[in-house]
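Each chain carries a letter (A, B and C) given by its place in the written order, and its residues are counted from 1.
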Amino acid sequence: MVSVDVLVIGGGPAGMTAAAAAANAGLSVALVDERPDAGGQIYRGLESGPFRESSALGADYRKGAPIIERFRSASIATFFGAALWRIDTDQNGGRAAFSCSGLHMSISFRKLVAATGAMERPVPFAGWTLPGVMNLGAAQLLLKSSGLVPSGRVALLGNGPLLLLFAQQLTTAGVRIGAILDTAPPVNKVALGLKHVKAVLANRKKVLKGIGMLRAVRQSGIPIYKDVSDVMALGQDQLTELQFVSRDYPAKLELDLLLVHEGVIPNTHLSRALGCKHVWSDSQACFVPFTDSRGRSSNRNVFIIGDGASIRGADAAPASAEVAVSTILSDLDRANAKSRKVLACALHSLEKEEKFRPFLDALYPPRLAVTRIADETIICRCEEVPASALREAVRDGAIGPAQAKAFTRCGMGPCQGRMCALQVSQLLARETSASIGDVGSYNVRFPLKPITLADMAASAEPSVKDDSHAH
Amino acid sequence: MFSRLFDLPATKLLVEVDGRPVECTKGDTVAAVLLANTAFPYRRTVVSGAPRMPVCMMGVCFDCLVEIDGIANQQGCLRLVMPGMKIKRQTTVAQTLAPSVENL
Amino acid sequence: MHIEADVAVIGGGLVGISIAYGLALQRIDSVVIDEGDSAVRASRGNFGLVWVQGKGLALPAYTGWAIRAAELWPDLAQRLGSRTGIDVSLDQSGGLFFCLTPDAMEQRAADLQTVKEQYGAPYHFEMLDNKELKKLVPEVGDDVAGASYSRYDGHANPIRLLQALHRAYVDLGGRYAPGEGVIGLEQRGGKFVVRTQTRTILATRIVLSAGLGNAGLGDLLGKAVPVKPIRGQIIVTERVRPIFTKAMEQVRQTDNGSIMIGSTWEDVGFDTATTMEANRQMAADAVRLFPILANIRAVRSWSALRIMSPDASPIYEELVPGAFLVTCHSGVSLAAIHSFEVAKWIADGHIPGSMAPFSLSRFDTSATLAP
């Protein structure tokens, strides 16, 4: 069994920065990622994809290049394409079990850095499971990693900076976007800007960039529908038509592909499986793992950084990583003047990014994703459970997510609740008139990803201390 | 639904999708290859046989499940193509099993 | 909030809800008090076996009780199905308990022979070697020594059972008060006063069906209830097309196609964690039992705490007049007999002869005589 000081889970900007920083400070480091290469989601394809040398995707994409460079030059044991199935922790750190390239490995660590990032907020609506409906970020990942672009009649549904960025990237690539369906409720942007004036002024460049993207989209001539709600995707075996309401008027579009995006939320699967405490964030309308100002979770040896801790964006990810690593150095009695300076700098950067968030959250709130889900709409994609089954479960005495899951099979499929957890908690809160923080979320258990029984068995460990007897 | 912006580069390779040869390139994921070649439907669900396609491309949604080299239910968005890889779409319930069970 | 009821059933898991349903069938008014979603709940961990073989080794009366419980099950399933529309997927076509090694076979055969002799009435079981076992379950691995087979055994869907009992109970006029555990219990003026955080329940009789919580409730009545947690870890796989039809002790295919693998027997207090070692061992045993499962994926592992009495058999005891203690670790197997016969005991107040051996007094062991 291998032992390291620091085990990092996730090879996006936060994970790569943490691994490099820890290694460069002299700690022994390993990094595990299920993806076959580095970059996470935001810098997908930057190592070996078709845009790795190009500026066609914009300047923000290129920001990942030095991060990857620093990561690859550092002395880190890397395991890409790894299937991590379990992490156990104790007061000295813990142990992670995964397989990689056919080998079954176990790494023990003193400190764990969870950098598993964010996922797109699931947005259920009538027909959302039809082929032809896909997350917008997913389409962007296809562009970055394989140079694939939507063909046919495509529309973008939702709101947020990623939607604007992707619209710009597609337009640059010569793709004709049929329409943008903006679900943001009407808001006085100027009044909002004034309310958050300090954050806006401190982040002028970001705001100007955003305004630039908005202008580019408006000038592109793409039809934009505002104040969109009541969406229904129709089609026999795939999407052919979308019905919706825009500014109180019914409308419809014939479509082949609908790309949906209402922001991102932390992917809390690992942090929940580890037993970390989670809290409801009203401003981000999602659960986030509890972390202190240094990224330390409720487990003192587990640090959660990047968008996996709370949505703060790509620029905050490296800063949050440096903060955590500096804290780890302190924990391990390896802090020095340099690490304290890095900490101070990183805390300052992080604070700046965090101050900007409330403005963005208010500018781009989820809308479809927080609307009452209709009875017939599927809420659990894996097990094909409609919302009505959950409401029935509540009537049968299921007052919380675990019991609701038991009665309906919601959350029992391969994704183990990643896609439905937030929607289920929202529904239960509405149906039982409880606060969603009190309702909580599913218990998440190992394995972290489905693992074959042969792989699970593949170890020479002796049998469990077990007093089996007939009963 | 999806088309390639660029011609396949020199690193192009051949895989099999449902028995027919398909050209793709090093760095493509299995899911991307199926989407680029409009292998439709990408898959059918175990519960009702409803048609699905990948939704998240990042390992979260599990709608990209596909059989690769005889082993079923792999997340196609996480696997890079290799020359000669045998990819089979899971469009019937029986295809949720590994062939070792099917061959009983 | 103030509630009055003839019977307050404390604990809304399988045991409590079976009894409450049984009381409702007899038109006895009750309210079920239940904790919240995150409480320790054995009912959610249950493997789903409707099991007879092996029961009664430590307490001979349990053998006949288990056989009767299995006989009553089809009636319960049918009643629940017609009242609620929920099919609890009862299948009673015999059950297998696998013995991986020849030693295990020998031990099992000896145990079952003891049970049979103690029972003293016709009792069916067969020891099957690998060849005979393969006739029943062709997928069995070559290096499995064999299994014990009993035609009394079967399985059902434990979660649908819970849901159906609940729905039937409410449909019959039952009241359900969830979300809060009992924080106070006392007797006043011939009645029981049960307090939770926001509710006070006044009842003529109470049922203690709170699983491991019965120990604390017993304390409130000044009585010791000897139950302790025994952890069982379980693994469940993805859905697979129907392979196994038989009910089997260690590996079982559910009605939705997923395969359940279990379980451990660990004395670790109230720790509901799972362990890597148990995962590995159970997965290895499952693949040894059925090599075809090698490439089937586990999607989840969890653990549940069995409510274990000193002889692994139920306890039925009127702790103080009007307070009925019901505890077991086979909430599914005994669901029907709890609904019908145990509920009748509570309704009548007279314990029938078949239930007398399950009294708490069997644990007030007489002094050991020095040899």
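Keep in mind that, in the parts below, a contact is a pair of C-beta atoms (placed from the backbone, for glycine too) under 8 Å apart; a residue touches a chain by one contact, two chains touch by 3 or more.
What you see is a predicted model; the values in this text were computed from it and never measured.
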Notebook entry, point to check: Whose C-alpha centre lies nearest the centre of all protein C-alpha atoms?
Noted result: A
Notebook entry, point to check: Looking at B-C and A-C, which pair shares more C-beta contacts?
Noted result: A-C
Next item on the list: Determine, using the mean of C-alpha atoms as each chain's centre, which chain is farthest from chain C.
Entry: B
Checklist line | chain A and chain B: spacing of chain centres that average the CA atoms, whole Å | finding: 23
Check: What whole-Å value do you get for the distance between chain B and chain C if each is reduced to the mean of its CA atoms?
Finding: 43
Margin query: Rounded to a whole Å, what is the gap between the Cα centroids of chain A and chain C?
Written below: 40
Checklist line | Where chain A touches two or more other chains at once, by residue number | finding: 413-414, 450, 452
Margin query: Going by the contact rule already set, what residues in chain B reach two or more other chains?
Written below: 47, 71, 73
Margin query: Give the residues of chain C touching no fewer than two other chains, as numbers and ranges.
Written below: 238, 294-297
Notebook entry, point to check: Quick one: in the complex, what on chain A touches chain B?
Noted result: 34-36, 41, 45, 48-50, 81, 119-120, 129-135, 137-139, 141-143, 145-152, 173, 237-238, 256-257, 267, 381-384, 413-415, 418-419, 449-450, 452
Note to self: Which stretch or stretches of chain C touch chain B in the complex?
What the structure shows: 138-139, 238-241, 243, 257, 291-292, 294-297
Notebook entry, point to check: Which residues of chain C touch chain A in their complex?
Noted result: 12, 34, 36-38, 41, 44, 54-55, 57, 97, 108, 111, 159, 162-163, 166-167, 170, 176, 178-179, 235-238, 256, 258, 261, 264-267, 274-281, 283-284, 286-287, 293-302, 312, 329-330
Item checked: In the complex, chain B residues that touch chain A -> 1-6, 9, 25-29, 32, 35-36, 40-42, 45, 47-48, 50-63, 65, 71, 73, 75, 78-80
Checklist line | Complex contact set, residues of chain A against chain C | finding: 86, 88, 95, 97, 393, 396-403, 406-407, 409, 412-414, 416, 440, 443, 445-447, 450-454, 456-459, 461-471
